[in-house]
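Read from first to last, the chains carry the letters A, B, C, D, E and F; within each, the first residue is number 1.
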Amino acid sequence: MSHLIIAPVVLPAVIGPLIILWMRNDLLLQRVFSIAGTALLAGVALYLNVLAAGGEVQVYRLGNWAAPFGIVLMLDRLAALMLLLTAVLALAVQLYAMGSGWDRKGRHFHALWQFQLMGICGAFLTGDAFNLFVFFEILLIASYGLMIHGGGEMRLRAGVQYIAYNLAGSTLFLAALGVLYSVTGTLNMADMALRVAAMPAEDTALLRVGAVLLMLVFAVKAALVPLHFWLPSTYANAPGPVAALFAIMTKVGVYGIIRFFTLVFPQDTVIESVVADLLLPAALFTLAIGQIGILGTRHLGRLAGFAAIGSIGTLMIAVAQFTPQGTSAAVYYLIHSTLAAGALFLIVDMIGARRGDLWLRLDRAMPGQGLIAALYFTAAIAVVGMPPFSGFIGKLLVMQATGAAPAMVWIWATILITSLIAIYALSRAGSIIFWKSFEVEGQELPSALELAPATVRGPIPPKLEPDEPIQDLGDAPANWLAVASVALLLSGIVALTAFAGPAMRLAEATAAQLHNPDAYVSAVLEGQEGTK
Amino acid sequence: MIAEIVVSVLLVLGGFFGLVGSYGLVKLPDPMTRLHAPTKSATLGVGAVLIASLIWFPARHGVLTWHELLITLFLFLTAPVTGYFIAKAHMHLGWSRDELPRPAPGKDWATFCDPDKASLVDRRAGD
Amino acid sequence: MIRRLFPHPWLSVTLVLVWMLLVNRWAVGSLVFATIIGVVVPLITAPYWPGPHGYSKPHKIPAYLAVVLWDIAKANFTVARIVLFMPRRALQPAWIAVPLDLRRPEAITALAATITLTPGTVSCDLSEDGRALLVHAMHAPEPEAVLDEIKTRYEARLKEIFE
Amino acid sequence: MSPALIAVLPFIGALLPGLLIRSGRDIAAISSATATFVALLGLCLHIPAIMAGEVVTARFDWLPSLGLNANFRIDGLGLLFGILILGIGLLIIAYARYYLSREDPAGVFYTYLMLFQGAMLGIVLSDNILLLLIFWELTSLSSFLLIGYWKHLPEGRQGARMALTVTGMGGLAMIAGMLILGNIAGSFDITDILASREAIQTSPYYLPALLLILLGAFTKSAQFPFHFWLPHAMAAPTPVSAYLHSATMVKAGLFLMARLWPVLSGTPEWFYIVATTGLITMVLAAWIAIFRDDLKSLLAFSTVSHLGLITMLLGFGTEAAAVAAMFHIVNHATFKAALFMTAGIIDHEAGTRSIARLGGLRRLMPVTFVIGTVAALSMAGIPPLNGFLSKEAMLEQATHAVWQGNPWLVAAMATLGALFSVCYSLRFVWQVFFGPERNDYPHKPHDPGFGLWSAPALLAVLVVLIGLFPGSMADWLVEASASAVTGSAQHPHLALWHGLNLPLALSAVALAGGVGLLALNRPLLAARAAIAWPDAKAIFDAITRAATCAAGFFTDRLTNGSMSRALAAFALTVVLCGLWAFSTGGYQGATRPMLPVQPVPLVGWAALMVATCCMVAFHRRRILALVLVGIIGLMVSVSFIYLSAPDLALTQISVEVVTVVLLLLALNFLPKFTVIESRDRKRGVDAFIATLTGLGFGALAYAIMRSDFAFSPISEYMLANSYKLGGGDNVVNVILVDFRGYDTFGEITVLGIAALTIFALTETLLAGASGRRLRNWVHGSRRAGDRHPLMLVVVTRLILPVSLVVGLYIFLRGHNMPGGGFVAGLVVSVALVSQYMASGFAWAQERQKINYHALIGAGVIAAGLTGIGAWFAGLPFLSSTYGYVKLPGLEEFELASAMGFDLGVFLCVMGAVMLALNSLSRIARQAGETVNLDPMDIDPSREARR
Amino acid sequence: MIAYALLFAYGCFGLALLFCLYRVVFAPGLSDRVLALDTMAINMIALLTLFGIDKGTGMYFEASLLFAMVGFISTVAYAKFVLRGDIIE
Amino acid sequence: MELLLSSAIGMLTAAGVYLILRRRSFAVVLGMTMLSYAINLFLFSTGRLVVNAPPILRDGATAYTDPLPQALVLTAIVISFGMTAVVVMMALGAFLEGGDDRVDMPRADRLPADSLSGNRMSGDGDA
């Protein structure tokens, strides 16, 4: 048992309060400690991946209590992978936040950031259902704070919606946990798995309700249709780096579904295909609505939000197969879509900072755009899943994994048709933002065809109010730190493409471990020497 | 036995006054008179019950607990303040200063005086 | 020194008593702990207790409490009768302005509390200079009698105790 | 040289101009040319082996589990296309060097061009269809960049977007097709697929796969009805058009059909789809080309037409037709590249590409004239140029084709196509170069420098040479490629003269007809102009605009920012899914006996229900609603007590009051009443949803309470071991600080974060627009006097120390009796709050020396350190211990390490509550409240003292 | 005997609760409702004490203490809100 | 008793759901509070109902109610308190910044200013 398993929780949980205690008025110190903490977290996550690569599920018994009575932390391949992904994303995005000056625009950015990491890491590590709720709440409440960082009317309004919606989600989470406890009498996930498997078939109604409610909880976090309404405004109004970090938050929901419905409620138990039956149509609608939203929205930030919804749709299609092949495709695509969405949100923020706003219309100049255009192009390719990046490979993997599914035609048709919509929409957005900006010089007016259909041509809007908090970057040249952080994320995508083979081997090993939960269960419940 | 009788009497007494207090809340005609009923009868009603409990435990179980005394004291300490505040609120909402007797010529009751009147030397926030 | 250690000795005594009532275990350890509390808590809360405190004749407090308790019990029956049997129309509520001789806030508070706790009257407000108390009587055909009772039965005693 | 290296070289070549983006045209061109030349050289080194029938391969595992591998092969087909791509690429690089102006960013151009070249080469050298797909889509992307290269031209942007959309659509279809194909064959390697003809053609998935793959090929090769994008891509700089639309991109579709010809062709489906499409495209596009005014547009439609021709040949499915197709690919590449370059030269020098504004250039641009004429005549199929040879072969094959039993239909249509071809080719020559010289050219035309005309000249020479000596010039290449396409050794004997035969006659008809049609050109133009032809671009624009519009409408209507809708969807989803899950499972009915109902709980229940109803009914009167919340909270707390949960009751009560205080503080600045905004119908629907949810949730609770645990709950262990192992009698508290201390650790963190968030938000608000608004705040309601009533001040002054003692008591006994750090923290907070309420925040705050931030930080750290402490004993985080301490003269008392944890809870709770209230009070102070120096407003003793 | 007395007291305070409830629902103004809430809390303390006597346990004592304290604070808070708008000023 | 509790849970849920479907943030906050009561009672009820058997170990006592749900509810209460505090504050912030306390996102969130016909509703707060 290595104490480092809990380090991803304790590390930010110590750095966060330290920042509040001793550095709350010194931004430089905050930055140093916060970035050092995140880097350390990445290191720990890397080590934990090495630890998990042995194939054994590592158990950390908190308070030295025997499972299932105390809370356990579990480290398997998936958990380790998610930790590493979180840490890498957070590191890159945090660099961006510092480079772009976002962390200066309000109080406690770094403390909240650390708490956010604490919540996410805790959620990935825990082996206890209720503890998962607690860490969900930590990551949520930190995300509320980060979401409204910098203030402003729209952001606060979106924040109210975000928090209200998630409060409803938390309520549902408690309901689901209550139902599950009332039937199984346990909260430990491994123990619950055993009990679910032993459940008599004539008494499954409540259990099924619990399982479905739990799935809906995770679906809220993952923004599956029809529980996706919170996402576009939240992501579009959140500060850029925060939206980028949120790329991992939807994945927490996906993680929850994968975890619970491979470990506790695998396909052959009383739950049967309840979840898969609901998930697949939801995933298809999510994909469609997300991609249509990319085309339909008029705001680049919302566009990125809809792209995130779309990627969740693709991801959930793979997850909903609940086959090793589907899960491994999901794991691969999950890594890809996290990095891609993170990069896209950062680029959108850069564009917003230079262009003044993010509306897709023709009257805004974008100075110094070559580099950003290249970054946008790259990220857009990755997001829509065109070659050569991992998005394409991920899409192929998902399609291949669903090739034998009964709904194969629906799945493939949805994936391909919506891809076309996304390709068109992102190329349109890109050409409006980067190519049309030349017209502002006045050589030619945009032709009527060029205008987006619903646009009413009008005067250029007045200059923004002086206290508009987002805009104070102005026409500053691309900050090297900000660009470097985006490049870091994009290079992650390139690496995921180039090393698709090894990455997929990892994903397959992860999926194999997930679909063989016996090892997990016995790691938790057997051989508990020395515990209370 | 004596304890039991005392306790029973106290309980009946407490129940009676508690009931009367709350009944007054319903029966009495205007808000100001209604204010009288609960703040006293309920206080004594609860007081009697609490004292009954104070007596009952040592008599029945052989354990003397003083907690009830604390609660009673606490209630007696706070009840006047809540009555005072509800009365003030009611004066503020429902009565004009002319319907009340004056405290002294040229003086007014605190509730009716200038809301922003400084206590003596106030500072503006942020100074 | 003693003064600084025990800024409010009566408070300290009260707190020791409260602690002992709470733990309900009359042991040496508890008393030691209660004493510690009796010292520490008043020190912590001292900033909230500006100005002079204390009583001039504390020995008169029990007699006053007895009077008040007796009045409460007595008046309860009166009020109960009024509530239960008196028709709504027969009720004669009255506002009474009680000019105050008391000056210390603690004394005024004690008087107001007494008035409220005795059934039939509620103290409602202070005048803006703090020299009069507004009392509402639920059924007072003769307001003067009520005023007289307050002045003589309670205020006089309190003035002795506090000032 | 390894095929993989050859495929990678252009990408390496793309890096250099990108890196040397500012070093000018020469460096960029030279570096690109070098890479291209080396690749071409490497390719040519393999010629002997390929001519010997070998297939050169290179294999690298990339993603074996998917079957996606970096496998490359060079066979005859790859060789043919490779030579075209690299050879013409080299010429284009040279041509573009002189074509681009100094202002054009050459580095970017060459980067895009080389990216495109690499993608194209990758397609033809792939030995894995998934790899091929990747390169395929890369050509779409890089051509998007190339077509949109001149960003200032709207046509460029639209053309680029159209090309990307149409070819992207095909590419996506092809993904599906390729996956199906690979799954049938059991492998995605082309080598394996080519060996599974039988399995593929008998599979039920053959037709879907075929259709999907052909969709990709047709869109890429601009076959009818996807022909419309190609002319609009002509907005690209001419070198791009010359490259993309003569030799490379549009031929990718042809390549694919040829590549999969052995496994896909030979079926009726193949014949009718491919040959018919090709035929229609050939004729239709040729017809349109006759009328185009823009030179490049004319050439574009002629390209479409010739692509249709080749498609038709491949569609015939015979080996001879395949040979002819290969030959025409070569020929078309040579004359069409030359023609595009010629058109570019004319545009460059004369300043226009409009045929109407040209004419008479024969003498002004003699070199261009010669090159253009030679190429155009080849396109027209005039002997002895190479176009003639392959056109003869085409007509020959067309005469053998039988369409639905009709033996002459295809031949007749093919002849018609040839006729149109003659017409537009001659028109190109006639109306550009002949006729009178004009004096209104935009620029004064003259022949360009050698750099610009050398490349087309070389191609023109090839046109002539292949025409004259096909056997030695092209035989080997056609043989190699045709053998690769058909999968069997082909020995075409290409010759100029085949004797007097039917094709020659048809050629003659076509020639004569074409000349005749040219003579009728003007009336025809007028006639055509009179008819409103559907404009493909307008249609495409209409479709995309409609799609964008529909998507916008749909998205805006669906995700319209309505919170109510989001939550209604949420509630309905939950209820319906839950209902479905329940009804599909087994339920044995209520098994647990019910607790009897006592009258007093019944009254409490009634109070709760009534208060809740009133709450909903009166919710618009916000203060009243808060009072009702207070009642509901009271009832909930009492029911916790009644049902054996004293700890819960304590927590609920104390949380309740802090919540009410918080809400009241906020309500001071919010409107006091909610206006009615929803229509009756919406309220009805909402009420329905709410009732449904309530019923569902209530029923669920009932079902749970009436059923037993299916397994013994883990809490039995906790009850049994709480004292033994946790050292506490209060099992709930032991669970909180020990069994599940980790949860509590998280919980206080949540509270701390909440307070920090509130604080940060307050700071932001006060600094921003809200701060200004607050400074000008006017209180809406009339306010009473006496802010700090004397009586309250005196009583709270007494309550504060007593409450501290009570808080301490609750804290200390928590481990064994109801209570604990959390409740204690709240009790102390409430006592402080009452002090603040009495004497004002500022007055109280001045007497408060502890920083609330520090309290929160200290609380979390204290709890964390208690947990970490266990590490030093080698135990996991949060392992607790307890023991009994005996001090001299005193009784034994218990000390548990969990109390340190509880202390953290206490500090954190207090810090959080006070920081949150502090923040709200700061908002009030911003709104102009004054700070009092004395604890109470009215103090007679103060005046007496003075 | 004690059992009957308890029953009587239960009945009285239960009924009292109902009277309070009536005043909450049908009241001319806010102050009446606040008063009813305050009375309810006090009645609850009585009921809890009765429950303690009934079950012979002192387990619920702190709850009563908190009810007293909290009833006081929230009543003052409501009233202060009515009077001044800002309850902590 | 089970029936009473479950009907109360259902009632609170219905009230909460109805209120969170309103258009003003304060009503939504009230609804969230109602929902949190409902869920706390629900979670508590999963330990099944027992009268006078609190999970505090006493000599002689044999039956205890299930302590675990109580611990969970405690955690949930605390968390929902924190959440409520944040959402109240955020609603207040949105009101102060935007001038009204609507929860729906205004059209300006989805459409650029020049495509709005200038009829953006003005705030109705008492500011």
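The rule we apply is simple: a residue touches a chain if its C-beta (ideal position, glycine included) is under 8 Å from a C-beta of that chain, and two chains touch if they have at least 3 such contacts.
Note that this is a predicted model, so its numbers are computed, not measured.
Following the contact convention of this document, D is the list of chains adjacent to both chain A and chain C. The chains in contact with chain D as well as with chain E are B, F. More C-beta pairs touch across one of D-F and B-D than the other; that pair is D-F.
Taking the mean of all protein C-alpha atoms as the reference point, the chain centroid lying nearest to it belongs to A.
Greatest centre-to-centre distance from chain A is found for C, with centres as Cα means.
Averaging Cα coordinates per chain places chain A and chain F 26 Å apart. Inter-chain spacing, taken between the CA centroids of chain C and chain F, is 41 Å.
Centroids built from CA atoms put chain F at 32 Å from chain B.
Under the contact definition stated at the top, the residues of chain E that touch 2 or more other chains are 10-11, 13, 15, 17, 20, 30, 34, 59, 65, 69, 72, 76, 78, 80, 82-84. Contact of a single residue of chain A with at least two other chains is seen at positions 130, 134, 137, 141, 144-145, 148, 151-153, 161, 164, 168, 175, 178-179, 181-182, 187, 233, 297-298, 454.
Under the contact definition stated at the top, the residues of chain F that touch 2 or more other chains are 20, 25, 28, 38, 42, 45-46, 52, 54, 56, 68-69, 75, 79, 82-83, 86, 90-91, 93, 97, 103, 105-106, 109-111.
Taken together, the chains touch in the following pairs: A-D, A-F, B-C, B-D, B-E, C-D, D-E, D-F, E-F. On chain A, the positions that touch chain F within their shared complex are 130, 134, 137, 140-141, 144-145, 148, 151-154, 156-161, 163-164, 167-168, 170-171, 174-175, 177-179, 181-182, 187, 233, 236-237, 297-299, 302, 357, 359, 361, 454-456, 458-459, 461. Touching chain E in their complex are the following residues of chain D: 599-600, 603-604, 606-607, 610-611, 614, 623-624, 626-628, 630-631, 634, 637-638, 641-642, 646, 649-650, 653-654, 656-657, 660-661, 664-665, 667-668, 779, 781, 783-784, 786-787, 792, 799, 803, 806, 810, 817-819, 823, 827, 830-831, 833-834, 836-837, 840-841, 917, 920-921, 924, 929.
Residue ranges of chain E in contact with chain D, taken from their complex: 10-11, 13-15, 17-18, 20-21, 24-25, 30, 33-34, 37, 40-41, 44, 47-48, 51, 59-60, 62-63, 65-67, 69-70, 72-74, 76-78, 80-89. Interface of chain B with chain C (complex): residues 16-17, 20, 23-24, 27-30, 32-33, 35-37, 39-41, 43-44, 64-67, 69-70, 76-77, 79-81, 83-84, 87-88, 91, 99-104, 107-111, 113, 117.
The part of chain D that touches chain B in the complex is made up of residues 782-789, 791-792, 795, 798-799, 802, 842, 925-926, 928-934, 936-938, 942.
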